[in-house]
């Protein structure tokens, strides 16, 4: 008897939850209203069945429950062919009513309109990049085999179509409103999935294949790109944004992009020119980039050039050192501003890269063994030995001063660093840093990083077995 | 996936046909009494061991059909380069045919209670089969010498996989064969090993069939 | 009569007397069933604890130092794999299949008792291999239970060192164990049925388990094949599934393989696997409903045809797990259609369960409560399955919490309710003792309502677009704080449900020692297992004579009979006619 009441209450409660729930589809921003409509149809049909069958069951339980020894006997009724045929027929009609619109809309999804423009989404562990065709409207060919530090997307340099391709190394993509677009999806490493909740459609990125999806953005705004196919440890931090712009805003953004040819032509920084600028830095960071604790200036020597460039750019552009609680960052920001242009940034970074590496004093103590366990996560991006990895945008950690590492971890965790909207990879580090829940966690992991030898040979780092067997 | 889907269709089709013969359309509540049992009339495989073996062979067929499906799907991809087929495979095929023939002879001999013939044919079965496996190993050696390594091309990998898997199944059969042979040598009544020999016969014929399919597929692609 | 001679082999059975041969190296199907059951439930408890830890992270992010991202993914993976394979498959087939098949078809034991014993020990070995991955360098694999390559075997996924190898090895061993058991179950059903036991007189439990076993025998090879090929890719560097790719900025030596091929193979196993778990549950719940409603199962023939029909169809729906996998999108038309077609026989089963209650004489015993609870959760889970099967509706919902909620409803909660119902139902036969009904009912209410409060809201997170397999959710614009608060509430429910399972274990153990004697047939059931001369049945199950079956399994409330049930082995001449 209570079970019947419970069934009724659950049905009523489910309906109430459905209508009262604040959690529902995000407001749509693409042409796929038809998907929402199909969902509505499915909801009505299945909802009706849910209510009808459960209420019928509840009634049956109340009506035919055993009421003691005098209770009426059950009816002997092996089957009722007519009733079963009716039920089968009705079910088939209901199923068809849901399936038909579904297949109709799927046909739309599979067939891309002729006038759709194309661009490429490239996924890798754990970031998004994009490539747009240049003025010729064609993307050059590409291959994972061509990927290296100077050609991160593996564009074929021999293909003339690729020369004017526009490369977006940021995880933010812009789209013009109301123009159908076909996204070509490509992965450099493992499976990923390109998903924007407001667009409704999603598709996996498969290494070795080019998959696609298409849509027409119908609403300006900024939307999150999430990876929705488990792609390893950093899966949940593989984020991006897509900005739907008016045509003018989009054109302006597109004009600021660099072509593949321009990118390949970028000259490496000149350390000699950089040396001339370095005395400004030396005042705080020391003549050999050794860092000065008293001035809260970290060690620079031994750090990767590309990372120094990124950070100088961030300081200069107000992406880093702008938070009111980032006292020391605020000191650095105006110093970075004196670097006039990209070339100056590259030169100074190139000079700093030539400074000799030397060991640092440690000031922290912690449980190294526990720190090593925690470091497993860190090591996935920063390298098993803290050597840093350009591919994951992760700076070198070993040989870094512990007080500085700790302060930056605290900044990330506390939302002082890595929260700026323009910061490309800081938010990822912020997401990961929050796995350190207490100060002790931080101390332990930093204590472990202290034990990482600065002089480990790069080649020993990669476990041979991880690299796919021998030749 | 066509191969495996066809295989499953065949299995499901057979199952439905068989069920239909078992009168799954009848109304079981309408008839009372033990006589409703009609298994005797519609004929069936005589022993549990044989039924079990049939199901086992279905499982093994499923495994090979899946590998073959994977083979055809993988073959479509651009990096495929066909593997060399060592000549010794032809000799091996002949050996397996002989092994299969020997166990067939053995089951006839067991049926007619001819102990001497059972002993000889059992020995021949083992000899031919072991030589077959040795010959397959030789084929591996030749491939390796020619530079067709397991991991240098998927075609090579499939070759090693198919031959290895097939040989493993034969080794399983040889285990049963060795137990049977030991019992025959220990002098048990032929009646007691007759079932084992019959099961072996079915299994050898089956694996010969599998090998012919695999070999034909490897030759033609 | 050959089959009777085969089935009645009482002389051939050895009756061991030492503790070791009786309870450890036992060839008695009932002991093996209990070994399977206890092992499966024990490993299931491990998986339950893992899910509790996952929920702690989701409900209270930034709180627990012992849940790192790598561990989170490892626990997600192990939870899923254990629950699907090592708990549900093993429990339904190895546990209930072993216990019920010989008793229900009137056999003395399985036809290959030695193989049956071996099956259990090999299963145990697979469990040990799986558990050992917790103790190796890098820990167990964190690739998700679907183990998709390339990610599953590459650096960047937890457990890519040893965890994945042990996982694949353990699956390999499990499949061997399953095959040994499975050959036994089907052959026993086909060859060892007692006289009079036609196929159409078999209880639906046997039909469900039998069909599921056939599915398993044909589908597990797909998992075996993919496990072998992935192992070769990982260990020997072949490229079956591995394309040319870059890993962490370094070129790899892989070339040309197809990750989608793995997915096809995996789901060719994976979808039938859903029915390998569901069909035994369907069968068992039919018997529970019929017995406790004192009414024949409605539309028995339809139920049988639906079981075998679903079984056949289950092999051609696999790619509905792959709508957004990058496979040829035109496959979507075919697989959406087949998937929605399979909804029809499934719906018929639901109608027939409900119609079995109609005009019944419903005794709301503990097993019956679980059966009714199952119908409710299964309707819910089945209907949400239609969302995901209908290809365009799947686009926004796939890889979100909607999927998680759906399959936990249909493949987690529903079968587990049946498992509990079945354990309560057959407990008196297995132990000879009656369980405590009050505790049993309390267990039902807390579990049933608790799980619904976990999974109903979870669907709505999915509608919102909250992705699954995320360690943390901060910094996503469209996910409001309220959704994170909802996660906290779900976690509290989940932990609550996990803790109340103690009631079940307490009841089982307490009743074993202190429970009342149950008698041989406390529910007044018709099927053969309740007609054994001894309770619990001894080795060999039946007395000197095997039972002879005179009628189908559902003669409840037959008009004109004195009792409201007539056991299958009672001839027409012995039925007490009501005084009229």
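Order as written gives the chain letters A, B and C; numbering starts at 1 within each chain.
Convention: a residue touches a chain if its C-beta (ideal position, glycine included) is under 8 Å from a C-beta of that chain, and two chains touch if they have at least 3 such contacts.
What you see is a predicted model; the values in this text were computed from it and never measured.
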Chain at the geometric heart of the assembly (C-alpha centres): C
Greatest separation from subunit C - chain, by CA centre: A
Pair sharing more residue contacts (C-beta pairs) when A-C is set against B-C: A-C
Interchain centroid distance [CA atoms averaged], subunit A/subunit B, Å: 50
Distance from subunit C to subunit A - Cα centre to Cα centre, in angstrom: 35
Rounded Å distance, subunit B centre to subunit C centre (Cα mean): 31
Per-residue overlap in subunit B, given as positions that touch at least 2 other chains: 27, 29, 77, 151
Touching two or more other chains - residue numbers and ranges from subunit C: 236-238, 253, 256-258, 296, 300-301, 554
Multi-partner residues of subunit A (at least 2 other chains): 78-79, 208, 469-470
Subunit C to subunit B touching residues, read off their complex: 1-3, 6, 111-112, 179, 182-184, 186-188, 190-192, 195-201, 214, 217-222, 224-225, 228-229, 232, 236-240, 253, 255-258, 261, 264-265, 268, 296, 300-301, 304-305, 308, 311-312, 315-316, 548-552, 554-555, 571-572
In the complex with subunit C, residue positions of subunit A that touch it: 1, 3, 6-7, 10, 14, 17, 21-26, 32, 34-35, 38-39, 42, 46, 49-50, 53-54, 56-57, 60-61, 64-66, 71-80, 83-84, 87-88, 91-92, 95, 98-99, 102-103, 105-107, 109-110, 124-125, 143-145, 147, 149, 154, 185, 187-191, 193, 195, 197-198, 200-209, 211, 222-224, 226-236, 239, 373-374, 376-377, 380, 389-392, 427, 430-432, 434-438, 440-441, 462-463, 465-471
Residues of subunit B touching subunit C in the complex: 1, 4-5, 8, 11-12, 15-16, 19, 22-29, 32-40, 44, 46-49, 51-52, 55-56, 58-59, 62-63, 66-67, 70, 73-74, 77-80, 150-151, 154, 157, 161
